[in-house]
């Protein structure tokens, strides 16, 4: 055991650093707040976030925005909890079950990782209403499950076109958080959009982590390092489809004097104030709308189980214009948008 | 004499982890106080009596942790630091899932052969590090860290090539294992009321734990292995082929690591995919240290970690504190337990030396006093 | 307290002088003129307890200024505890320390240094890649700076005490004797007036010992006081002005060297009879059991060959002793025989089978017993119980095994075996379940000897089998080796103790820079001849016809003063211990 001391130090350091990795997601201060002035029994909504949780300025924050809107407009009572990178399937199930145990009988699960858990917990709790974001598989399907999915490739196509129209070096980049099928949809749309504008454009593609390591969605440092490399390599616009890691991409863009494209939320509004000016546009995935609609449907007793697809036509994905950096090409982008909606352009998903 | 030393050893063995847990509680409370979090609510959540379904979850998580810690402990006994259990179990889980998913063999035969595939793949992956160590002198710490990273990319790549696409799903999974080859859970009806089932492959953990104890303590091979771990120089002089020993124990450690994901695969997920549980290998290091490489001690340590994990899950909901606090607690426990063990170990050695010296002095003094007077 | 002042029996003294091979002290007058009669160190009633053990009990010691005062005792008698107390490393539970008339409490070594006490440890604490000057000033930079002032001071001290230290020499280039003088100089540089030397001769060859003693006489003539810890009694008698004997933690006698023999001292130390290493009539046969034939071992780092062209034959019933200064290839010789090192050329033949490419385990199975030089690192699992240590090295011996294909350890059999070894070899332990690390060095070694001998080996490779072992255990170990030799065992004995080599061996070879000399006859060779061959300083002709086996070139080391007289080795075996019992 003599050597064990040295080993233990490494192990403990590893354990602590694992803990530190996760510490970027602080528990939401607003969790558990009851909105003032609501009479009677308020609707209780429990929200289970994906890795990164509230505060990632991106995917989870988009869901949180929907919840916040429901809280102010519909007077619902909320409780939030978020996932841990690499956690066990049972931990996800238990999280949903604990929210139900605590009386939050309308559950929003953010992210496809919850698919199986939602399916099983929904079966065990038929009186509870569920919404799951990013999954429409049979795993999560049920008479009490609202499956919310998005046509991310369509929105990504538009920002890809925007990047190609704006690039001066004819060289753009894509940084995906984790190399999952979902993020590959973003990549496919982005590449298709860019090539539609400039067939000879050079596109760098990099993913921050490989599953089952989902830290690529919450590692600002990894995002920054990858973006620095791409900017040095000549790319002048990078699409950050990387959740919370996008913050690092923006920091790198700022330092390099280049541009970036945000994802999920309108990041020119949600990102750290000092880097907002590098965000040319964002691919908006209206998770907030999906979440809000679910809560409203429950409140109005119009809940419908099954898959709701949020595409360009439904206004579920879009590009943002905050900051005015793409005002000059807006008409061109809207042309593409119309063609996608009309079906003239078929955007690939992989 | 023997029994007195024996009882004392057991007491000292138990004292250290208990002390460490107390220290961890104190340190964590201080952290919470500084952060302005509700200390009382946190401990109330962590130490409340778990619900029946949570008890099952704790046993299940503990089973997986146990296998991982045994894999690490095999290395530790040889003074090998197999950090690569994490990569080894993922490679092995993928290989076994891929194999079992094909359904080439019927029912249980499919399970058994898949387990062998897992052990072989884990051993192969660990064997690379073993080979590098004995032929090139590369530290297994470095090589297994590298192999973890390579495993991640390799498995992600192969998974993308072999994944079965489900309409509407964003998850990437291997082909599911046929119904007939899924290992049914063990019901705890009569003990606790819950529909949850304990992994059928908990049996695997028990068997591995027994073999670990038996091979190390009862066989010639185990003697050589322990001798090498205690003193490589003495082992060499005693005729142990240390290189072969290093390689063999890396293979064994890797084979055990290969089994880590099996209860999950056959008892819960039925596929290997991108949402599979990760980081089990690192937890195993901490648990092996906490359990002092002892098969029973590791069982307690694995259950403690699983307990903290399960109880910590509700922290965000009931106490509004991030459940990563549990990682802090686990980290502090490991740190303090290692320090406590070292202190207790040194104290134990000194104590025994003194006891022996005192007893010999007593034996010798009596006639001497007589002679001198 | 029963302080015995030994009055030697004149009759016994003369007899013992003849018997004791190392009693050179009798031929030289002991210098006493340095003693001035003022006590400089007075210890009274010093007692130090550790839980369960009393390390020092009621120690009384008076050291006069300007003398060399020896403190002798067996290993574990409490010498080092006492010196640690005097050097401030440990505090006594009871008793007083008076230094130069002042009663002091020494809490740390700094207190001791401030009181003028300096200590030279057995293991040198010098940085090889530093010069003498740098080593001396390290940690004492405030005294005389680190430049010319320090250099002058060092030369001054060196000249005053005849230490012959050159301040700008690189320590790496210096021999053991010179390094020891640097250690002494370091202590003097820090203002020590009382110098404690812990086993200073353990690392020296005989000629270097003489030089050291010359230095010590120099020191005391300048009014300094030397406390000299040793268990080499001849040396003590040769250099000390007064001798204090410690036994079982307490001072049992204070004697003057003029009145006693080494044997008297030894008896005071152990409280009983003293053994000596002596072979009886030759049991050497003409049947070779181990032959090493023109074997060369290359340096793994690419330097000079560590063993060159070694030829060595051990016959059944023969003990071949290897003398040499440490680091001249002894360890490599052992390792190549044991299969722990590959020879570059040549072969090693056990019986009539070439074992050069065998693995250690096969070699041990074939019947070579092995007593390694460093028992704690190479022969024992310190944290394992005794019975597991008895299995060690014999893991494949069916005696220890059971089960299908002998794959399981038979703990019960091993424990029985261990109990027998403990009984037969007098291993002092309360139980066979205690860890081997909790035994004293001598008992550890007896366990190892027992373990190896119980397997009836054909050949025994024994490196320093009695190093660090107390006198009682030493005798027992010698007896066991001799008994096995009578039964036809061939022994390769490597030892730094010339006494042991001369006493036990049938043939002595000297190893120098990886080469073996020809045979020396232990019955006729003198220590000085061996010492010269060991340093390569003198062109000694061994009796065999291999004249160039010893490299005659290297007079690099300090010159040797050939001693004027040396005793010839006894011809007859000594009387048995019972005949020499105390009056």
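By letter and in written order, the chains are A, B and C; residue numbering begins at 1 in each of them.
FYI, a contact is a pair of C-beta atoms (placed from the backbone, for glycine too) under 8 Å apart; a residue touches a chain by one contact, two chains touch by 3 or more.
Keep in mind that what you see is a predicted model, and the values were worked out from it rather than measured.
Any chain that touches chain A and also touches chain B would be listed here, but there is none.
Closest to the middle of the protein, by Cα centroid, lies chain B.
Look at where the CA atoms of chain A average out and do the same for chain B: the two points lie 34 Å apart. Rounded to whole angstrom units, the spacing between the C-alpha centres of chain A and chain C is 75. Remark: chain B and chain C have CA centroids separated by 47 Å (rounded to whole angstrom).
By the touch criterion given at the top, residues 1-2, 5, 218-224, 226-227, 230-231, 233-234, 236-241, 349, 351-361, 363-365, 368, 371-372 of chain B touch chain C in their complex.
Chain contact summary for the complex, chain A toward chain B: residues 1, 3-5, 7-12, 14-16, 18-19, 22-23, 25-27, 31-32, 46, 79-82, 84-91, 94-95, 97-99, 102, 112-113, 115-116, 124, 134-139, 147, 149, 178-182, 209-213, 307.
By the touch criterion given at the top, residues 2, 50-54, 248, 271, 338, 340, 359-365, 370, 372, 374, 377-384, 388, 391-396, 401, 406-409, 428-431, 433-435, 437-440 of chain C touch chain B in their complex. Listed in rising order, the residues of chain B touching chain A in the complex are 53-54, 57, 60-61, 64, 76, 79, 81, 90, 141, 152-153, 155-156, 159-160, 163, 165-172, 195, 264, 268-269, 273-279, 282, 285-286, 289, 292-293, 309-310, 313-314, 316-318, 320-324, 327-328, 330-331, 334-335, 338, 341-342, 345.
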